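Here come two complexes built around chain A, the first alongside chain B, the second alongside chain C.
Entry: the complex of A and B
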């Protein structure tokens, strides 16, 4: 019953909640970002990060550093934190933690399939996969010629299997079908995660509903903007929107027929929680929209830590850490390209 | 030595100024040099913009969606053609180089200059639907000159008008990263496309510079004799 988690949560979840709150306090602060933004070289960035929780992961990396190396090593920190929490978790928290990684699994599947279509070496593709989305038979994806084979040979034994029946065809894979597969899988995954959180009930259901609804709405906007001027039809676009969220169902009907960014803006401004996002942008501008969405996402994830005895803190921590890694990637790129004046274009401060 | 007489108004009085042929060549050389330096700066800033936009696209879409391992290794027709024409002893030699898009992966940049020749570079963009040839292929032809005395300023010839078909070709080149891509990736493509055009202008200017320089040298040697 919602409100009585304080009596029983700590029996199974108390230790891990304490662990994740400890990890949260290790996230980089504004002072850390100010120091990083003043670095002249990637070695300077490595030196500043050595005093943070990323220190042990970067200390043995030889110079000259590359931005992808910094991102890979920082991602390893996230993976280690996640694996520690997963191995200590009991049901239903362990299932909840596994749900967090399915998005990366979908990205890895699409990466392998797309790379194979472009005649790339499988080993090279596996090195680019996100470590949180790996599974045992992932390399076998390279032999599939169409979605039916993808499902039958590999994915039927993975957690993504329930999401596949909606997009199985026997047609050969091409760029458009892969894109539709990606978005259909992600839609099914988000809806399934949403239903799971609703079943958990209590504070987890309430907070996760808000976070997942925002994720679904953001995906709807990004799909709309990215499909403007492409061959994706309005009906196909509509089918890629999730069946929950603030925009469902009337906002989706309007987004499906948008032909430019200003029409998307007009749709979003009808919803008060999203008015502040577009208030920061001028008409016709879409370049800063991603940053505006990330800022809103970070704000919501930080608020998740204000309440105790729920699982949303784990989800929020993973997302905040991913945002931090994105920030580090952007700062590294600006330093490497000698464009430090542009560093604040995309950095999203967490605290 | 040819001279050109012009009437120039100085201090309210018209005076006759004699412009020698070698002065014209020297002025042409200096003009070309100035334009060359300006274009080099422009190229540098365009490329910087392009690389930053690419980093921004990776930030938005994620590193798994924008990385080099997604580039297509299958054979397909090139999106852009560079034609190099060179006038030597009254004959035109045509070299054709094919560029792979989406980010202007230049596969043939071999050029040479020799005294008395002035290569001219012409770009044809987004012609993959017209040419069914393999990319990275270098073609050599001997053709009759159409206008042996024409020295044109740098120009870009569009294989297709800048319309829906060009947009389709652009989308097709970027489809290696997926169909639903961020507008930032499209902006990156435009930046590198502009950089390629600037490179061709620079190549033509350099050709003009070297030609003027060789003419000046020739005239100095003639004067010494």
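Entry: the complex of A and C
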């Protein structure tokens, strides 16, 4: 019923949309970032944040602060927000909200499996996991020896199970296969999420397909750049690209054969929406690409708030908060390590 | 008139306090003390002069941080005290301690408590482990005995648990289970087991995971633990389940152990040998008793330490909060050029200047400063804040007005009139002296416990009720008064002021309620005659009375509102508003509805049968026709024509002149500068800075005209709809009396009709509840809301701007309330 969301949306989604828009107005502004960038110590950061929505989460921290504490507490706020919304949500919004966390789940699975492979302590690894991507039996991942066991023992119970069939091999786990697994899972996840949003229809489908297409394209570019010079074959690389997005299908063919960054650039510049990303970069430069992508992503997420009666605002809010936490982490790191000149390198202003 | 108004005694509430903008220059050495004294005085609102600076760039940021750190420690200690359940009953009287002392003491206490906590945590952990071990021992033996029962004799020597007695206490999580190298071949396929304990909520998933990991080659036994075990992290009691897993093979063992670890299950070794089991159980029990004693001692020690701190906490918190407020205020001040003085700006009421001076002098003297602080008035661009000095009686009324909008600076304050009119209008709708007495009792209880309740933290509802206790008092008194006029006591009329003026037509009184009564003496002296009750003409009579009364109240109330707009205009010296707004408004309202009120009064006094609807309607439709039997007094027709003409003239009068005159005034003011815009750059510089502000006030005729048009239309339409709106007084009063009649007649009297104690009792209870909840609570609320609306909309829109902002002085008194 495209165009008629206004009639019925507020019955179930109105309250939560109001909540999420309220949360959005609590995001740090440029003025906040400017002030944060001038901080001399982590205590200054805490003091500044105490006037924001992070205040209650940081106020009981004893004074010698660490970057990890700040990030942890800020993430806690995000998680609290998320849990509150999830509690209030009804179908299909609750499923939509759950979809948002699957990405973190994949990352956590990969983190634990890689960690166990390198014989790290499970508890230590668990602390590093993103709290949004936690599931019940995550600690049991350490038991698994190969993909098949991983799936059969643990993941079959999780929402990730449907994404797994493509990666099941009996071979032992190593770094390469884990990385491929991550990308295969992510591909399946994005495609599933995309399908789900299409099924929801209306403005949600319209906006989410745009946001997810961008996500898929970004992953495609990252996979290409990261796999240059590795033993990953072109066909294997091609298989890791999600089957939607602007690059699909012709761009993928071209990306699959790229051998250096400039070729990637040439492929991307054929697509008008991505031209601006490279406009600021000089040739052969790839470090700043991440930031350029983040900036573009933030811009798109902010635009999602311009339209009403759709679910993409929840996705956008979660992503914006995560970006904000990344910013805070970077600023805190820079302040803690006395590298204040580099503060602006990686901070993406949200407004 | 001018002389008369000036001679009136000044009333605090009529207009807000006169404010002045002051600048204080404070020598740096006495700054802290001066701000503290000003905070105690609480009559100066500081302006933030460093608004563009972020909090950590300000001067006293370190002190603020220290205070924040101290309040964090205080919160921690408070939390600990609350957790330990210690009531800080004895507050220790201590002569003034300074902040540094508190800081060091706090650090000590915090350190001490944290250390004790970590100690007791360790103890608690080992206690938990032992307790779990004990439970596992008790439960697991049962399984071992039952499952091994028959096969035990053969396999006894094959499966053996080897463990070291000393080892199990230190590392009880894992235990090595090794098969003895035996001669038999069945040794390799031997059945082994792992026993342990796990949270009850995880058992199901745990079992499933074990099943999957071993591909079903295992046996899982479980039994709920009898005792609950404290979770060391959340300090809550958790239910746990003891389990024993039987399996075979070395690989399965590592897998199972890993899964146990992942699920947070603690594994404990259980020997199969009965005698060994007994021995271990004995040892564990004795160690448990030891640990328990140690734990208790630790907790006692900790509680003692906490209770010694507990007495100070409230006082310290207060001090730290004040200190933080002082530094926050200091951060709003500017350093002057020489860096020796702080410069502060802010608003204060004029009457408080002397007190502030005094506080400054005292502070200077107390801090042994050579230079005193300087206070002087300044001009300010922005409009001053609004400040009313209220007491506990006037405060709720002021709150009622402020809830609509804070008065513009020095605007006529409707709260003065609200104090009486509001409870009265409420009572018109709630007139019943029985209900009034109930309200009065409630209000008196609140007032009697005033001292006790004001120190308590009440719920939000009670807080509201308590805050409005004097409103409630007046409301109840007025509703008793109105109830006496309506002659209703829980809807029952009483012969209080003598006998009724009416009697029955004949002695049997059969047709009293159908054909009516005969008047035989002077009218009933006060209020409604009790004989009206239940008679045929009861409703028409009361309706007519209440309806007309409502209109009279409404017209008077609205006239008062327009009159206040005159006082406003007079005060602010705007003769334009008087001539072209107040006068036509007055004429318009009174020529229509003032005239109606006059007719009502005349009709009441003469007892005429004239139809007022007819008069009012034909006054507009055919003003020149003869009134016929509806004529109430001589010369009514010419008067009506005159009034109609006046009302017609009043509309353009309030619409057109004001915007045109404003335009003319504006043109005159800027006549000389007509071509200033075209001048060159130098000409702009010549314009003196004072006039810069006036330049910004662009005069937009269209906007002013549209504004005036909206105002006029609103007033003209409003005077009709507002008058009609006052009829709610009648409607609610009618609803109230009818509702209480229903409860009285259909519940109480009906139940009383039966000669059965139970039915009577039930009827009484239902009546009591209906009266309490529906009539006393719901009806009070609805009457309150309607009275509120009549004030906010019908009364205040005649004169009240309500676009001011409140005076928020820096004061310690308000400080204690907000946090927490």
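Everything that follows uses one rule, which is that the second predicted complex is superposed on the first by the 351 of 351 C-alpha atoms of A that agree within 3 Å, B and C clash if a C-alpha of one lies under 4 Å from a C-alpha of the other, contacts with A are read in each partner's own complex, and residues count from 1 in each chain.
Convention: a residue touches a chain if its C-beta (ideal position, glycine included) is under 8 Å from a C-beta of that chain, and two chains touch if they have at least 3 such contacts.
Since this is a predicted model, take the numbers as computed values, not measurements.
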Residue contacts with chain A in the superposition, chain B compared against chain C:
B
So, A:79: does it touch chain B (first), chain C (second), both, or neither?
neither
Identify the partner contact of A:290: answer first if only chain B is touched, second if only chain C is, both if each is, neither if none is.
first
Should A:134 be classified as contacting the first partner (chain B), the second (chain C), both, or neither?
neither
With both complexes overlaid on chain A, does A:225 touch chain B (first), chain C (second), both or neither?
first
According to the stated criteria, A:44 is in contact with first (chain B), second (chain C), both, or neither; which is it?
second
Partner chain(s) touched by A:168 [first = chain B, second = chain C, both, neither]
neither
Check whether A:62 is in contact with chain B, with chain C, with both or with neither, and answer first, second, both or neither.
second
Under the contact rule defined above, give the chain A residues that sit at the interface with chain B and also at the interface with chain C.
none
Which residues of chain C touch chain A in the complex?
54-57, 61, 64-65, 68-69, 72, 75-76, 205, 209, 212-213, 255, 258-259, 261-263
In their shared complex, chain B is touched by residues of chain A numbered 68, 71, 107-108, 110-111, 114-115, 118-120, 124-125, 127-130, 175-176, 178-179, 182-183, 222-223, 225-227, 229-232, 286-287, 290, 326, 329-330, 333-334, 337, 339, 342, 345-346
Touching residues of chain A toward chain C in the complex: what are they?
35, 38-40, 43-44, 47-48, 50-51, 59-63, 122, 136-137, 139-140, 142-143, 152-154, 157
Spell out the residues on chain B that touch chain A in their complex, using ranges where they run on.
48, 51-52, 55-56, 58-60, 62-65, 67, 69-74, 167, 171, 175-176, 178-184, 187
